[in-house]
Structures are given as structure tokens and as C-alpha cells.
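The same chain A turns up in both complexes below, where it pairs with chain B and then with chain C.
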Partner chain A sequence: MSAIMQGAADRSAMPRHASAPMLGLVAAVLLAAMLAGLSMGSSPMPLERLLPALIGQGSATDMLILWTLRAPRVLLAGVAGASLGLAGLVLQRATRNALAAPSVLGVTDGAALGAVAFLFLFTDPANMLTVSIYWQPVATALGAAFFAMLVALLAGRGNVGPVSLILYGFALGALARAGVTLFIVAGPVYRASQAAIWLAGSVHEARWSDVAATGLVLSICLPAVVLMARRMDQLLLDDNSAMATGVAVRRSQFMLMGLSVVLTAGAVSFVGAIGFVGLVAPHAARLLLGLRALPLIAGSAMLGALAVIAADIVVRYGFAPLEVPTGAATALLGAPYFLFILFRARQNHA
Partner chain B sequence: MKALTAVLIAILVLLAAASLHLGVRFTPPAEVWRALTAGGGDQTALIVNTLRLPRAMIAMIVGAALAIAGVLMQTVTRNPLAEPGLLGVNAGAAFAAVLVVTLTGEEALAPLMAAACAGALLTAAVVYGVALTGGGRAAPLHLLLAGIVVAALLASLTQILLVSNERTMEELLFWLSGSFADRNPLFVLPAAGLVLAIGVGCLAAAPQLDILSADETTASALGLSVVRMRFAAIVGAALLSGFSVALAGPVPFVGLAAPHLVRRLGVRGHARLLPLAAIAGAALAMAADIVSRFIIYPSQAPVGAVMAMLGVPVLLMLLHRRAAGVGL
Partner chain C sequence: MLERTLTGLRNGLELRGAAAGYGSRLVFEGLDLAIASGRVTALCGPNGCGKSTMLRAMRAMLPLSAGAALVDDGSVDALPVRERARRIAMLSQNPSAPDEMTVEDLVRLGRYAHRKRFAPAGPGDRQAADAAMAAAGVDDIAARPIGSLSGGQLQRAWIAMVIAQAAPVILLDEPTNHLDIAHALETLDLVARLCHREARTVAVVLHDLNLAARHADDIVFLRQGRIVAQGPVAQTFTRDVISSVFGIECRVLSDEETGRPFCIPVRATGHG
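After this line comes the complex of A and B, so read on.
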């Protein structure tokens, strides 16, 4: 409790970044994107039909399209995007590495491995699950946690540079992907192509139960991340200085990694391995909002949501009637951005 | 060194023999021999001659090609972690091949190979170019990271192409994870000839490659046109990667593991490194192919997945040694 109050005192002492207007702007853009996501589709719904349908007074068809197809899809994209954006921010602070993200460090691949392993192990010969599907997120989280732990173990020994850390993450991710491939080929996991689309990340066929489950994970983790905001600021310092400000460095890093794993698993369980959102959202947030953790938390979550909703609109609209995975669109956006950060960081070093 | 060569060749021959005998059903040596020498139309002869033999040959060709490509890339970039898979060159070749299949429905070897080679060349140019724009010479790990991300980008582009064509999707998905099985036996001879030609060319240039792996000033002082040599080596590596992708899909880590293995055995100098790495690569690919038949028996695993499981520990070890300051 005292830590929180101290944090409040510190914050009032720090020069106030003009983050409130910027956050308001981001929120407005996010809202606009959500409305666009709701109104666009194979049968477009202009605002004058969308708004009545939203408050329950549209035509029966509009209500059906809106409430059973589009609303869960847009909300799932938003909630999963927000989770991934937050997971990325938290991971970047925990590892003090600007290039870190769940998909970059192999955590997302680990989560996917957990998910397919679950389907493989608990499917009987008649293609029926022998346990409730609600256990799948648990398996996903276990997979993510296992690979996060491996990365932490490998990188924890000796002093590993930021780029080496990423390469360790990539190597472990490759291992997890190989495992995923084996499970898909070996297992009775539906049809391989369906699994491939899910693995690439997709929000089509979103259901309300998915939204609720992902939303539950996010609503548990978000307050925890907010409570960690002050420590996230302190972790920007090097180990000794951070300890001098009274933060338990290793324990905070561990807790942040844990939060990142849970957030990633919550998203990956229901939308698959959508990549690069956890990398790009915190970066964009930092460009707009500065370094302080509290506005960054709000910004990363909103920008993550915005990224996935926008990517979903792009794949729905740009490639219709194909069902291009949402993850392909985020990778097209995220990969060049990663290269940009990589080489800007390098020039600053030189 | 002669002993080492003999041992590697012996291992390769043993693996090739095993590859002909092992499968969903074990074939006794006598029957394999009869099928190979007498041919015939019975089931065993068909399995051995039209399925297992081409498969073993393709594994050998692809393994050797990727190993040589790995050596060339490692020499050019002076980075022992460079290889066609990690630098995204395989992904570029695969993207181009899928593009051609999707647009034209063409599945003959020549257009597929041409497309894969073009894709590999372009990607190699892009990755190397991107890495160089970072200012000055490309730092080893940055080059690798650039390659990995370019590979991710190309993989998602490939995915977009894949969903656009349901008909070929399932088949291409398996091919994209790398596989030596069920390839057209007619591909074997031309591919072997091309790989052999480039391999011999590299061997002829072994002294220059040795100089290239020293630092730049030494190389130019010794009268070597560094830029031209480097360009030739990259082109050679990209072509080899293109051939192997057209044959078997992107198979990762052979180009990393085989040269590394041979170097650990104390082999230095390209005149020996190139042929021995090629043999080791062929053996490695064949071993991975045999494992892929049993790891999820009775299903066949994509060899790419098996190779990743063999190759990732090598990559981790190399990274670890680097972090521990052992150098590369």
C-alpha cells in the first residue's frame, strides 16, 4: 500500500507528460476503428443502421449480423490485441530489451505448442475431446510459461546482450514450432489447414465465450500490471540503481514475466499466434506518450487493440472472400517495423 | 584427415543403406538388393526403386547443397551462424516457388527451380543490403536478426498465398515444412548435376575463399577483388538454396549444423571444408529423413521439423559459446 502511495507522490513530483490528451486521441481512434470494424463486412452497415442496432432497435437482420458475427469478432480482436500489447510492454520492461515481445522470444510459439499438445493428448479416436475445452487455455499457459522459463534460464546465465537474447528466443521458438508441426501431422487435430490458419492467428469465427474468457484474463492482469507500474519505471535503471531506489529487481522481473506469460496465453488460446503486436504497440505508445509506465500501460493496451482490429479489417476487406489469417497482416506491418527498430538502435550504439 | 573423410563417407553409405531398408515396413537386405539389381514390378521393388531410392538421393543432394551454401554464407559474412534458413534465403525461395505454383499451377522442376533461385537471390540481396544499411559492415548478430525477420515476413506472405488456393494448400503445407518424400524421381539427375557443378566451382575457388575469410585488408592486399568474390559466393549460395528448396521445400539448420560439425572435427581450409561439409550435410539430411519416418510412426513427419529439433541445440550452443566469450 505504501508503495502505491509513494508512487503517487513520485508521480506528482515528476514533470507531467502531456499524456492525457494523447491518450484521449488514441481512445478516439480506437473507438472509430471499432465502429468501422462493426460496420464493414460482406454486407456493409452504414452508421444510421449500425447505431440503432447497437442500442437494440435495428432490423432483425442487422441485429443478427451485428450481435452474433461482428461484435464478438471486433471485441475479441480488441481484447486479444490489448492483452498482447500489454504483454509486450511488460516483457520489454522485465528484460530491459526494446526488441522483446512474446512472439519474438518464443513465448507465443510455446503457447501454441501447449495448445496443440493439449488437443493431441486429449482427443479420442473419434475426434472428440475427452476433457472440457476450457482446459485448453491452461495448457496454453503452461506451454508459454515453460518456454518463457527456458529463455530466462538460458539468458540468465552470463551477460547476454539484447540481440543474443532475441536469438535465444528465436531458437527456442523454432523448437516449439517444430513440435507444433509434429503434433499437427501426427494428431487427429481437425484438418491441417484449419490448424495452420489458427496458428497464424485469426479472429474469424469469434464467439462470445471466447470474448468472455480472454476478457477475464485481461481484467485480472490489467490491475496487476497497473500496480506494478512504479516498479516498471524503476526497472528502467540498471540493476544497482534500481535496487538503490528500493525495488527487488529479480522478483519484479519474475513477476512481470509471469504476467506477460498469462496475458499471452489468454490471447493465444482464442485467437492463435498473432505476432508482432506485442512488439509494435508498446513502441508506438512510447513514441506518443514518453517513458512513464502508467500512461504506457493504457497506451500499449489501446494501440494493441487498435492494431489487431485494424489488421482484421484489412484481411476482411483487402482479401475478401479469402480468409487470410489476421496474424499475416500484423506480420506484414510488424516485421518491417522490427527491422527499423533494430537498425535505429544499432546506429545509436555506433 | 584421410581417416576422417573415410569415416564420414562410411557413415553416409550406412545411412543410405538404412534409408533403403527402413520405412513403415522393414525390407530385408536380400530383397533390397534384388530390387536394386534386378528391378521388377513386385511391391517391394516398387517401394525400393520408386519411393525409397529417390528419397535417399534427394536427401543427399539437398543436404550437400545446403551444407555448401552454409559454408559459403559463413565465409562471406564471417559469421558461423549464417545459413540459408536463418538468413531468410530459404523462405524467399519458398515464397517465390509458392507464388509460381499459385499463379500458374505449374509444378514442373524447371520453372519451380527458376522461381526458387530468383527468390533466393532477391532475398539474399535484401537481407545483406538491409544489414549493411545499419552503417558500416554488418554486425554478425544483426545480420542474423535481419534474416530471421525477413523470413517471418516472407512466411506470412506465403501464408496469404496459401489460403488463396485451397486446392494446393494441403500439399504445399507439407512441402513448406520440408520433405524428401514423394518427389518426382525425374528431378534427381538434373538437380544432382547442378549442385555438383556449383560444388566443383566452389572447390576450384577454395584458395580465394580462404583469403576471403581472413579480414578485408589482407584479402585486398593479396590481390583479391573482395567485392566480386563475395558477390559470386552469395550468388552461389543463393542458387544452391534455391535448388534445394525447389526439390524439398525449406529445410532448416543443415547449413548451420553440417559445417559446424566438420569444423569441430578440426577441419580448416575450404579445400577440405567444402567436400567434408557436403558429405556431413548429406548424412545429416538422410539421418533426419530416417528419423522423420519413425518419430510419429506410422505418420511421416516433415523433415524440416526433425531438422529443427536437431539444429536448434547446435544454434543454442553456438550462441552460448559466443556469450561465454569463447569466440566463434
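After this line comes the complex of A and C, so read on.
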């Protein structure tokens, strides 16, 4: 068979929508994880009790457990995970760096610092907030934006290699975490009990209002990310080539960074500094779905949601009755994965 | 009027009174450089003479500190970014894309400026990409990831992306870098054919003088940010010009078969 015929065969064997079945599979696994998250707990709810309760026909106890405890917890984990997964994808495209993620570049910890600083500054001696709690997400976003800006400034100076960028991020993240610890230690005693949330991230105190707020941020950012999809594809090229094809490279990168900051802040405001989701979800999505931005957006969001929901199930089951923060489980999974990516990247460059 | 005759037809490219550089160091200033339309113009000169910087300046990828970059006698800088890409395509040195990207996907990225902002790729985009791959001879490896290609194949894939951009003006920065002689010849043949058959304007930075003499219509010889000679190959490719530009002693002979000159370097004279 001639080379040309073979090429044609290859192309027909790889249809352009090859990602659809894989996305369907990911969605199915995500749905299963959500159901598992709803049914598992200190009083397990088998499927034959869970489904009636879901459609409002279960026993009063089941309804109470499901709708006030488990549903917001699972949904908050899902929405926050989706936000972090998207934030990671967008950041990886903006920096053209597969190792970049909000938690790796210190943006997540910067967001947590913003939240803790807000609580410290605006709490009176009677432990009451002196301003509305609705300002907290704004403070979180400011913290995230400030640390994203620091990384961008450091990376913008000359040609920073992919690994140098990560080192800058780690250093800034350590700085932000130190700040979080200081504010917790110096702050009101009862805030210290929340230290775990801001240091490692947790969904165990989920309320419906948290779900709504995080969901609002996600539902605003998601369409914006979709509109940026084609530019994200062009940004796979080096700066000069992307520019030559007609992309305003710096402006696109700036907009993507901004979206990443808002998405990260939206999640961290309510679940704390859950790490590594923004790294693992887009990376796994790329392995499953390829390079095109549009399927990756869906894939990163779903895998991010899956990661946090699964992590939450692990901490609920694996460590009960201890309340281990969700972020500890994502880190337990994410950190080795990060090392694996780092190792592979080094091999490829050798 | 005199200035207009420099570029002549449509799609000529020009730097007029231009100065540019990096930081406070100017690579060139007061530069007037015209690239004639419908011809292949090679930019030649020793390392650091400003060839690549000029190319970037013509594409408005580098801000000018004085003067203007013109296409068709209109300012390049004033064009919206996408319109700029539709008018002028450019392949920089050492372009990069992820290894797992297929040739076809890479070539399609060249269509960005032609696609409506949020609409999917149309049949026109597909045709343009297919035609570009055929022209560059990469249609049979369209489904291969670019990480698996040889140097020559990879360079042709990038050139296919540039062709797919369908711009009347094409700028190439050392497209034969890292290529062996067979692939270098092949690449420049492709570029010259494209230029002449489709009346495109091509400016190409070349290291190898003999490749330039063989494939270009015009040559611009540069030294330290200044033009030493410019014009048709037969007039500019002389012993005196090459000696003074590169600081070498050389002989220039003529290839009987093609009628093109070629250069045999003899020794460095030290002032290069």
C-alpha cells in the first residue's frame, strides 16, 4: 500500500470527534462517584433508599441526611473541583507549561492567604465580622490575583524555563502558607479550628449557600473559557508562531490568567486550599482526550470534579471518625502524580 | 513617487526610516529596506547584522523606535492583529508545538485569522489546509504526530502551516536551519515555486550564500544594521560585496547550468 493511501486510511481511522465517547465515559464515572458520595457516610444509604430520597419520596430521616448534609457536600466538592480543574487547564495554556497549576504556582495558597487575612482584619474582639461575609470571596480573589501577578512578574523577566517557573511558584506558595499560619495563630482562637480548611482545604462544612456562590463563579467563567477555546489552541504554538497566526498573545495570556485567578478564588473561598486538582485534572484530560481545547475544557472540569468528590469519599471512609481535610487526600494522590509528570518532562528534555 | 517605485506592485513590503532594537541597544536605525512584490528576496549577512530583527520589525512583532513598517504602502502596525496575519505570514526560527500534535492539526492552526471568531472551521479552511499540505508534500503524513517527524518533514509541516495562512506576503527566518542539503534545496525550491506560481512576496533570511544565490530573485546584503547592497542576484552577488560584508576573500563563479553565481570562500581577512 502506498504511503498516500496509508495516510488517508490513518485519517479516516481517526475521526475528529474521537473525544466524544471518552467524554461520555468520564461523565458516567463522575455520575457514579456522585451517587457513591451521596450514598456513603456514617449511615450508609443504599441505592433503593437513595433514589426515592433524591426525587423527594424517601423517609424523613433520609431526606434530611441527603438534602442538608450530603448533597451540598458532594455538589460543593464537584463544583469546586471543576473550577480548580478548569483553572489549571487555563493556566497551563497561558503559561505553555504542563506543570503549571494554581496550587503549584502559589495561586491557591495566595487565595487562602487573602481569605485568612480578611477574617483577621475584619473580626472584632467578640468574634463577629465587622463587614459582610460576602466580601470574603473578593479578598480571596485579591490574594489569588496578587500571587498570580507575582509569578507573572518573575516569569516575565527574560526567558524563564518551565522548571524555574515552578520553583518560583513553590517559593511563593510557601510564603503564602506561612502567612496563612501566622494569621491563624495570631487570630481569634476559634478560627484556629478552621486552620485545616485554609491550609489543606475541606468540603466537610458545606452549605447550600457555598454551593450557590461557587456555582455562580463557575457558571460565569465557564462560558468565558469556552469562548477562549480557539485562542487556547493557538497558544500551543510558541509565542512568535502564535502571534504570526494572528493571536494577540499577551492579551490572551492575561485574560486566561485572570480567568484562572477568578476560578481558583471561587473554589478556595469556600473549600480552602485544595491542592493538585488543577494539575492532575487537565493533565489526565490531555492523556485521555488529546490537545484540542474544547473537549479538554469539558474533560478537565469533569475530572476535577471527580478528583475532589473521590478525595472526599476517601477521607470520609478511610479515616473516619477523624476529620481529615479533603486537600490531604488530593495531595496524597496529586503530589506523586506531579513527580511523575516532572520525571517524564525531564526525560523528554534529556 | 520615487518611494512607490521601490516596492512597485501590490503586496510589497517596506521598512522606512526604521530603527529598532532590544532594550536600549539599537540593532539598526535610519533603515530603508524594500522587499519587491512577487519576488523572493534573501536577506544575507554575518551573525548579528540584524537580519532577523528586520524581519520581525516588518511583521510589527517588534516595536519600532522610529520610522514605519509598510505593507502595500499602509502601516503594518495600524492593521488589526488578525488582518495583519491575513496579509503577512511568518515562520520564525525554531518554532515549537507539542510533540503529540498531528501535522494536520498544526497546519489548521494557520487558518486562525481566516475563521470567524466563534464559528467552527468551514470547508474553505479544510480545503486551504489540505492544499497547503499537498503543496508542501506533507499530505501523506497528515496524521503523524510532529514529534515523530524527521527534520525535513517537520520543517515542511511548518511551511505548510504558513502556506495555509494564505497571506500574499511570507517571511521566513532561516527556514533551512538544521536541515541537510537535500532538505534545504527541497524547502527553498518549494518556497520559490510558491512565490512565482502564486505571485506571493517572500522575504527569507538565509545563512548559506549559495542557497540564496540559487533560489532568490533579489538579495539584500547587510552588515551591522546597514544595507551594503540590494537588488537582483546578478548585480549584487559579487566578489567585492561579499568580501566587504563577511570580511572574507572569495571567488564568485557562475554555474553554467543555472546561470546562477556561486561563491567559493578563500580565507578570512580579519575585519569581519
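One rule holds for everything that comes next: the second predicted complex is superposed on the first by the 329 of 350 C-alpha atoms of A that agree within 3 Å, B and C clash if a C-alpha of one lies under 4 Å from a C-alpha of the other, contacts with A are read in each partner's own complex, and residues count from 1 in each chain.
We adopt the following convention: contacts are C-beta pairs under 8 Å (C-beta built on N, C-alpha and C of every residue); 3 or more make two chains touch, one makes a residue touch a chain.
Keep in mind the model is a prediction, meaning the values are calculated, not measured.
Novice: According to the stated criteria, A:F170 is in contact with first (chain B), second (chain C), both, or neither; which is it?
Specialist: After superposing on A, A:F170 lies in contact with chain B but is clear of chain C.
Novice: A:P325 contacts which: chain B (first), chain C (second), both, neither?
Specialist: A:P325 sits against chain B, while chain C stays out of touch.
Novice: Among the partners chain B and chain C, which is in contact with a greater number of residues of chain A?
Specialist: Counting residues of chain A touched by each partner, the higher count goes to B.
Novice: For A:A178, using the defined touch cut-off, is the partner it touches chain B, chain C, both, or neither? Pick first, second, both or neither.
Specialist: It touches chain B, and chain C stays clear.
Novice: With both complexes superposed on chain A, which partner does A:P52 reach: first (chain B), second (chain C), both or neither?
Specialist: neither
Novice: Applying the document's definition of touch, where does A:A186 land relative to chain B and chain C: first, second, both, or neither?
Specialist: first
Novice: According to the stated criteria, A:R230 is in contact with first (chain B), second (chain C), both, or neither; which is it?
Specialist: Second partner only, chain C.
Novice: Under the stated contact criterion, what part of chain A meets chain B in this complex?
Specialist: Touch residues, chain A against chain B: 99, 154, 157-161, 163-164, 166-168, 170-172, 174-175, 177-179, 181-182, 185-186, 191-193, 196-197, 200, 275, 319, 322-325, 327-329, 331-332, 335-336, 338-339, 342-343, 346-347, 350.
Novice: Would you tell me which residues of chain A are touching chain C in their complex?
Specialist: On the chain A side, the touching residues are 3-4, 6-7, 10-11, 14, 227, 230, 233-234, 236-238, 240-241, 243-248, 290-292, 348.
Novice: Residues of chain C touching chain A in their complex?
Specialist: Against chain A, chain C makes touches at 59, 61, 81-82, 84-86, 89-92, 94-101, 104-105, 109-110, 112-113, 115, 117-118, 139-144, 158, 161-162, 165.
Novice: Which bits of chain B are touching chain A when the two form their complex?
Specialist: For chain B paired with chain A, touching residues are 81, 130, 133-136, 139, 141-142, 144-146, 148-150, 152-153, 155-157, 159-160, 162-164, 166, 169-170, 173-174, 177, 252, 295-296, 299-302, 304-306, 308-309, 311-312, 315-316, 319-320, 322-324.
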